[in-house]
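Should a chain be cited, it is by its letter among A, B and C, assigned in written order, with residues numbered from 1 in that chain.
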Amino acid sequence: MKFERYGIGIAKGMALTFKHLFRSPITVQYPEQKLIVSRRIRGNELVWFLDRCTGCATCAKACPQGNIEIVTHVGTENNYVVDKFEVDCGRCMFCGLCVEACPYNALAMGRSYERSQYRRSDFVLSKEQLQLSDIRQPSGYARPLVEAKLPRQSLLINSKQKDGGQKLSWLGLSKKRGRGV
Amino acid sequence: MTLLESFRLFLLNMNWPDWAAYLVAGLVGIIIVLAFVVVLVIVFIWVERRLLGRFQIRLGPNRLGPEGIFQPLATAAKILMKEDIVPAKADKIIHWLAPVIVFVPVLLIFAVVPIGQGAILSDLNVGIVYVVAVSAVSAVGIYAAGWASNNKYAMIAAFRTVAQMVSYELPVVLAIIGVVLMAGSLSMTQIVESQTIPYIILQPLGFVIFFLGTIAEMNRSPFDLLEADSEIVAGYHIEYSGMKFAMFYLGEYGHALAYACIVTTLFLSGWQGPWLPPILWFIIKVFLVFGTIVWMRATLPRLRVDQLMGFAWKGLLPMAIINLFIIAAEVLWLPQINLWILVAINIAAAGVLILLWSRLFTLGGGRVEV
Amino acid sequence: MALQTEPFILNVGPQHPSTHGVFRMKVTLDGEVVLDVEPVIGYLHRGIEKMGENRTYTQIIPLTDRLDYLASLTNNLAYVLAVEKLAGIKIPERAEYLRIIMAESMRISSHLMAVGFFLNDLGAMMTPVLYMWREREKLLDLFEMVCGQRLTYNYMRIGGMSHDIPEEFLPALKKFVAEMPKFLDEYDQLIAKNEIVLVRTKGVGILPKETAIDIGASGPVLRASGVKWDTRKADPYSIYDRFDFEIPVGTTGDNYDRYWVRMQEMRQSVRILEQAIAQLPTGVVQADVPQLLRPPVGEAYGHIEAPKGELGFYLVSDNSIAPYRFHIHPPTLINLTALKDMVVGWKIADLIVTFGSIDVVLGEIDR
């Protein structure tokens, strides 16, 4: 264990670190700048389409945890009417097997990943909360028609700087502030 | 004649009594030095976090205040608001005293640092000996902190402290003696004024030994085994929280500032420089030294404790002794020669010694038969 | 007169910055020298093997993601291979090539993480971690593009993959493969000849060749000790016999060799990726498999070369929709049994570094 290379190895390592001082940073200032997520993201929520669901419960059978609870009664036109469709999103692991299993495209994953609540019981989402709204948009996972309309993902490898960093405007960051800062 | 001396004489000329002039001049000096230290320590904390972030291709903290300059104040406020927990079986008096013993010597060093031409708190004629003596006291504080915490991880850190601090004092002092021989005096102002060529060029080996020795004394990477986060989980300050931890934290950056100032004074010719006012040159040089220290922290992994001791006793100490002989020979037999010839001789000697030592000596032990 | 000393027991507890998860070691120390190491595991036990007996074959796939959570796709691949062996299913060509592409990208990602945190244990203050995570981030973006998640992918199915890749995947992957060797050279410049790394890892924590074969080690730990054994060449699964790559083998089996073997494996993975992208055919990506699969009565063992070693799944079926017995062969648990032999006699700093070089993930050890 002699000091074999007279300190040249350390000097080359320090030269590499010094070169990195002149590369742009690869982090973004969240929450002022958000990256565009993938078109097929399995976000932390589900979106349910009331008009397409027939109450067949294939999704409930496909779930590994048993998170979906469906109660139906027989309706007048030889169909099932869904009384209760509850998903326990706190236990859900967002694997997407239910979305793949649905034969009528009535269930889709969501696009948001910022769904924290204060109580665990707030995670059990009922029929009305699961439907499409402006804060609950479907993602393209296993739904090619939805996927075709969504914007492209922002990739680190495609960033404009030739050394791979993100472009940041220094003074602009200091002026913008998030909530509570 | 320092600036404070002239201020005191000015007060005496205005018919103040003797003791009042001395007291007022002293207080003014102390307040200026303390303000300098506190402001620069806070700026150092900010510089370190942002610069370390830039080395690691990320930004540092930039939310509080424009570009994050209020971050150190927020850190200080957070630490002060934390609960002060003392372990049940800890030695309460020593647990309380240890941060004080670590922090106060740092402030004492700044009494003899020349910030500008004549701007020094007290121009002791044994300035550098005072610095060496005072800076050795912090080692006792760190060992006391490790002992008083009643925690095995802290004890391991305390074992390592004693070994590391004691063994790195010797090369540091020998490198200082080399500088003192060339300068001809122990007083800090004399050392600065005698550097027509900065001693980093005249004594490269002395600079390398002194720089590595002070990084070891400051417990920074690559010698930061005392607080090795990945092995002994914060080492000697594992059981400290609240204001006592703030003392350790500020003490670490205060040490960095103090030793950076000493390096600047001894080897980089202090406040001398062409156009800017002297205090600005001093601050620029201190920041350059600190930037190099942060650069080494960002790049290098740490040494093991027996390799650290091997590096001090088998590597730095013999080189420091040989360096001292060479400098003494030059001062004794070639006093009037052109300084650039001495530069050439010293750089050649440094190269030969570093090559020889890398080939011949092993660093650290191997496996112990159990 | 000799000084009277006594050894003391230090608890490198479940909560520690460097134990790569919740892992506890009772270390007997004499000063700084390690005399004995006793590992205590089980802090992350979740009962995955028992849960597997109550779920259908497709529902187990998200469970296997969570075993070695840093290399999820190779877990999926091993399980799906075992089921296909059990049920005798043949998968389309495009799915085979996609599986190779995903598995090799996963190997690069896992090795980047392992080498980065090995250096973090050595003391380099997160700098190599962040440099390597820049490359890993590019790979995670690509995985997110394909299957929607960045850590637990759930992408492989019995009979192929779940969906086809989008059209912007291949250009981005080609760009990554073209740039990667330059970054690997940069890492070598930072680490491979650094004197402090050499002084701390060369000759430390040696695992001799016979001990490695005796305990049944596999993966980079085995190859660094000098044994040329790789499941991709010794018992080729999928279509690995169509690609041209080498197996790096170390000489002494110390920490530096384990790090070196992982760096060379990353270069070989880049080579395989280039060949696979060039040969990718068109077609469907999933064979026709019933939704509730009932394999015939029997047993199968499907094993692959995961980034950490040989990962195997043993399935026993009794012609129902869920397996009768579902057992996992974790490579890191078997590699970990050699820890005491590697570390006794060295110092406490070497204990942490050697443990980091075995590259454990607690999800796999405790299941």
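Quick note on the criterion: a contact is a pair of C-beta atoms (placed from the backbone, for glycine too) under 8 Å apart; a residue touches a chain by one contact, two chains touch by 3 or more.
Here the structure is a predicted model, which is why all the values come from computation and not from measurement.
Participant: Write down the chain pair with more C-beta contact pairs when A-C is set against A-B.
Facilitator: A-C
Participant: What chain lies closest to the overall centre, CA atoms only?
Facilitator: Taking the mean of C-alpha atoms per chain, the most central one is C.
Participant: Centroid from C-alpha atoms only, then distance subunit B to subunit C, rounded to Å. What do you get?
Facilitator: Computed from C-alpha means, the inter-chain centre distance equals 44 Å.
Participant: Using mean C-alpha positions as chain centres, tell me how far subunit A is from subunit C in Å, no decimals.
Facilitator: Centre-to-centre distance between subunit A and subunit C: 26 Å.
Participant: Measuring centre to centre with CA averages, how many angstrom lie between subunit A and subunit B?
Facilitator: Those two chain centres are 49 Å apart.
Participant: Tell me, which residues of subunit B touch at least two other chains?
Facilitator: 55-58, 298-300, 307, 363-364, 366 - these are the residues of subunit B that touch more than one other chain.
Participant: Enumerate the residues of subunit A that touch no fewer than two other chains.
Facilitator: 1, 3-5, 7, 10, 13, 16-17, 20, 26
Participant: Residue numbers in subunit C touching 2 or more other chains?
Facilitator: 127, 131, 134, 190, 194, 196, 199, 203
Participant: What part of subunit C is in contact with subunit B in the complex they form?
Facilitator: 8, 10, 16-18, 31-33, 35, 119-127, 130-131, 134, 190, 194, 196-197, 199-200, 203, 344-350, 352
Participant: Hey, which residues of subunit A end up touching subunit B in the complex?
Facilitator: 1-7, 10, 13-14, 16-18, 20-21, 23-27, 29, 165, 168, 170, 173-174, 177-178, 181
Participant: Using the touch definition up top, name the residues of subunit B that touch subunit A in the complex.
Facilitator: Within the complex, subunit B contacts subunit A at residues 53-59, 62-64, 66-67, 295-296, 298-300, 307, 315, 354-355, 357-364, 366.
Participant: So in the complex, which bits of subunit C are touching subunit A?
Facilitator: Interface residues on the subunit C side: 55, 58-63, 127, 131, 134, 137-138, 141-142, 144-149, 152, 154, 162-163, 166, 168, 172, 175-176, 179, 186, 189-191, 193-196, 198-199, 202-203, 291.
Participant: What residues of subunit B sit close enough to touch subunit C in their complex?
Facilitator: Interface residues on the subunit B side: 52, 55-58, 152-153, 156, 159, 221-222, 224-225, 228-233, 297-307, 363-364, 366-370.
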